[in-house]
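Chain naming follows the written order as A, B, C and D, and within any one chain the residues start at number 1.
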Amino acid sequence: MIPMPFSKVVPLAGLAALVPDGASVALGGSFLHRGPFALVRELIRQHRTYLEIVKQSPGYDIDILCRAGAVARVRAGIVAMEGHLGLAPAYRRAVERQEIELEEHACMTLTAGLRAAAYGVPFQPVGGVHGSDLPALNQWASVPDPYGSGENVWVIPAIRPDIAVIHVNEANERGDARVYGTSHWDRILSRAAKRVFVVAEKLAPVASFRERPELTLIPGFMVEAVTVVPHGAWPGSCWPLYEVDYPAVETYMQSEGLPEAHLAAAPECREPVHA
Amino acid sequence: MIPMPFSKVVPLAGLAALVPDGASVALGGSFLHRGPFALVRELIRQHRTYLEIVKQSPGYDIDILCRAGAVARVRAGIVAMEGHLGLAPAYRRAVERQEIELEEHACMTLTAGLRAAAYGVPFQPVGGVHGSDLPALNQWASVPDPYGSGENVWVIPAIRPDIAVIHVNEANERGDARVYGTSHWDRILSRAAKRVFVVAEKLAPVASFRERPELTLIPGFMVEAVTVVPHGAWPGSCWPLYEVDYPAVETYMQSEGLPEAHLAAAPECREPVHA
Amino acid sequence: MPERWSAFSYLVTNLARFIRPDEVTFSGVNSTPPMLACLLAKRAYDFDFVYINVAGGVQPTPSVIPRSSSDPVLAEGSTAIFSNEDFYDLCTRGGMDLCFLGAAQVDGLGRTNVSAIGDWHAPKVRLPGGGGGAVMLPTARRAVTWRTEHSRRTLVEKLDFVTAAGGLHGVVTPLAVFELRDGSLALRSWHPEASLVEVQRRTGFAFDATGAAPTPPPGARESAALRSLDPDGQFEREANVALR
Amino acid sequence: MPERWSAFSYLVTNLARFIRPDEVTFSGVNSTPPMLACLLAKRAYDFDFVYINVAGGVQPTPSVIPRSSSDPVLAEGSTAIFSNEDFYDLCTRGGMDLCFLGAAQVDGLGRTNVSAIGDWHAPKVRLPGGGGGAVMLPTARRAVTWRTEHSRRTLVEKLDFVTAAGGLHGVVTPLAVFELRDGSLALRSWHPEASLVEVQRRTGFAFDATGAAPTPPPGARESAALRSLDPDGQFEREANVALR
């Protein structure tokens, strides 16, 4: 039950302040696309620590959080900057040095765990996985089909993040949120997490949601707070508004340590937040 | 794999002819709302028999199919004409006389079985069900949480209909289909069935789907055939085009036996099919 | 002078009185009285709550009140479509505060039968069937049902079939309001034109009546709201409900 | 005179040659060569196939060819958005005909490692991780991978970790094309500027080479299609791939 104030819109700093140290945080988007990167950077500015990050395909977000020493644990399917940018080096180093704990998934096994949480059941069967070393690594159980097919199916325990943060194209002050293009894994993340935060490119009128309610990915009553950060998925993309800023990503990757200049150059520092 | 002809549009009679006697047919919509009723009537005109009907909340469709003797088995959650119209009398009589076999579900247990099929796993856990007589009736199994919560969860075996028939607002000749208002259970039905048929109020230009692809409920490559029947959900509603025709439903309910006059008065007989 | 109850207003209004501020409250298929109760609460009470329904509506503002409680007009004015899988999952994961569910028979433990009268395999009456109950009744935080007939046939010592268990939080009939207390249905109040004895005589299960009293009369805003929802009395006529 | 292969064109074109008419074919994240292969096949071959991708695209017509194989532009022109859950479910229920999946190491049984070099718990190199493989490789009808380096470090006798099993249908490197035969990878063809002996010397697992021959040269339409996708050679430069 979420109380219903007139407006759920808060400043970015206020949204980040709602994330406690040690929280399990699910991040929306995929690789460099429509990630809640402004919120990720703000968590770093606020010196958040011991976070558990849950995301099928993190990259820039997990990398910069590792540089900041903000991460204790990662539950992920595939981690990279992608393509010609290669691996996520700070993340890679943190795992290799055993500074962070990794729970390695296939993207769909992570999703199965999220489905179990969203569906209110303790575990979720998932197709495939047979022959992989991942089940033994993660001590997953297999269950024989009780209906006698002879099939054994791998089941993933429920994964219920404390908070899901989703970057969206448009939200309204009640929290309704919609995205254009693929929703990546954001639907299941928003249903699996205990609390849902939205970072929006812009506020849109409630009336525009009434006109086409089928486009709403997350209904407002499920959303605790919204912040508005134009260009907040930088240096990634937010379709159809902007593309990946590859020079900025490359500059980030060439830097070392906590990327102060990069953090200072981010849109949430450059532009007034429309809240 | 569905071959890709230039157009998947066929006449209503041709679509019905693709449904063999004895097929397991999942029907979209709910009660009197956006059901593929034109196709149901055409199955009756073609004297289809021994059908298995799968639907969470059938009403008019199952009732008229029972009157026609077209049904061998029903897998359903709740069956009624709804509200002041009460029970579905022909269906009720067929069950009471044991002329048809009923697999009684809660709507969500039926959906769990459909999820198992859609996800490619042999069974699907479902919340609740504890204390109900339904599991014993259906010989459902419960599985203890292998992760040691002590919880037992009921699991439903996969339900994979041969065919799902979905009535939609708009389709294009490639089979892409979209609906306005709630999609009821149509998303999971379209993913669980082996074959998907679409009955559309009208054809819309491919370009209009390109403009807002997020609204497409079923991508065309999953659809085998489309037929166009304006007003085809009659005597039910199709939002926002038309409301339930209550006088027609009441006239149907006051008639006995195979409702010839009702069948003859249906829109698919009155209007030329735009195919 | 306070207004008098009609059997219909008693049923709908006492369902509405189960609704609490800010909670997520759901009405489903084949559920005209709770649909009206949710819409009444929106008009009559000072607090807000999240009304979601089986038509996918989230805080809808329907332009007409439909005869079908699953009519798509119930999503009109909604800023989102919350489809069937979505609201069921919300319920099973613990996010549904109040859920209205139908029932044909109710027993003293707040369990329901919506499946069959008589033997399930050779039924005297085949009823609508499982519906939301078996999954939602045990998983919603609170579930409330109604019966238009208050009798030993509907409020029974023993169900012909247990479709759903888990304990209804509340039951409303034209005669009385029950609520769950220590795992059993207890009488909360009765129609002021009836008596405790009448409730006992017409109820098939034994119940605790500690603290029970005549139901407070309809408030002016409750009555006005119901009149506005049913200006020509069509719902009241079609509900066909009587105190006796 | 037939065109010569570049290492890059060999890789992309031979991936494209695994695509068959009318089939549902998928390319995912971190998968530039198969993305290009799917787009090449659309331009170079006479048949159509259902191209779906991780950006939700279904038969898209992207206005630019993105550097990121998960870029949302890959859904441009699509008439539907087929989201991540949707295409994974399609695969696990048996509806994915051809799936391109990444790999760091491949063994002779067509199993893959994308997790770690060295001990998983104390890795020499932490790799991207599970991704699509463990679920898609055993459930897609056919799965095909590629490696930009053909060596005994990448095509190995023994994987450091088995991320995904189930048997790849095909493997393409700048040097050779393998396909699954009786449960093991067999050589189908090798780069015409190399030899069977070179493939054997640079491959860590033993393989059957019955019927293997030099790879047929690129067709004119294949070459033209690849040039149109990479007119200024940016993809070729960034792929940084060589025959030796």
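What to note about this one:
Everything that follows uses one rule, which is that contacts are C-beta pairs under 8 Å (C-beta built on N, C-alpha and C of every residue); 3 or more make two chains touch, one makes a residue touch a chain.
If you're wondering where the values come from, they're calculated on a predicted model, not measured in any experiment.
Among the remaining chains, the Cα-based centre furthest from that of chain A is the centre of C.
Put simply, the C-alpha centre of chain C and that of chain D have 58 angstrom between them.
Averaging C-alpha coordinates per chain places the centre of chain A 28 Å away from that of chain D.
For this pair, chain A with chain B, the centres built from the Cα atoms lie 36 Å apart. Counting only residues that touch two or more partner chains, chain D has 56, 75, 81, 91-93, 139.
Shared interface positions of chain A, defined as residues touching 2 or more other chains, are 119-121, 126-127, 181, 214.
Taken as a graph of touching chains, this assembly fits none of the simple shapes: it is neither a line, a ring, a star nor a complete graph. Listed by chain label, the pairs that touch are A-B, A-C, A-D, B-C, B-D.
Taken together, the chain B residues at the contact with chain C in this complex read 30-34, 56-57, 76-80, 82-84, 87, 91-92, 95-96, 98, 102, 104-109, 111, 126-134, 137, 181-185, 187-188, 237, 239-240, 243-244, 246. On the chain C side of its complex with chain A, the touching residues are 22-24, 48, 50, 52, 56, 58-59, 75, 77-82, 86, 89-95, 97, 139. Partner chain D is touched in their complex by these residues of chain B: 1-4, 117-121, 172, 174, 176, 191, 206, 209-210, 213-214, 216, 218-222. Put simply, chain B touches chain A in their complex at residues 116, 119-127, 141, 143, 145-147, 149, 151, 153, 155, 157, 179-181, 212, 214-215. Contacts from chain D toward chain A in the complex involve residues 29-30, 32, 54-56, 67-73, 75, 81, 83-85, 88, 91-93, 111, 114-115, 120-139, 161-166, 238-239.
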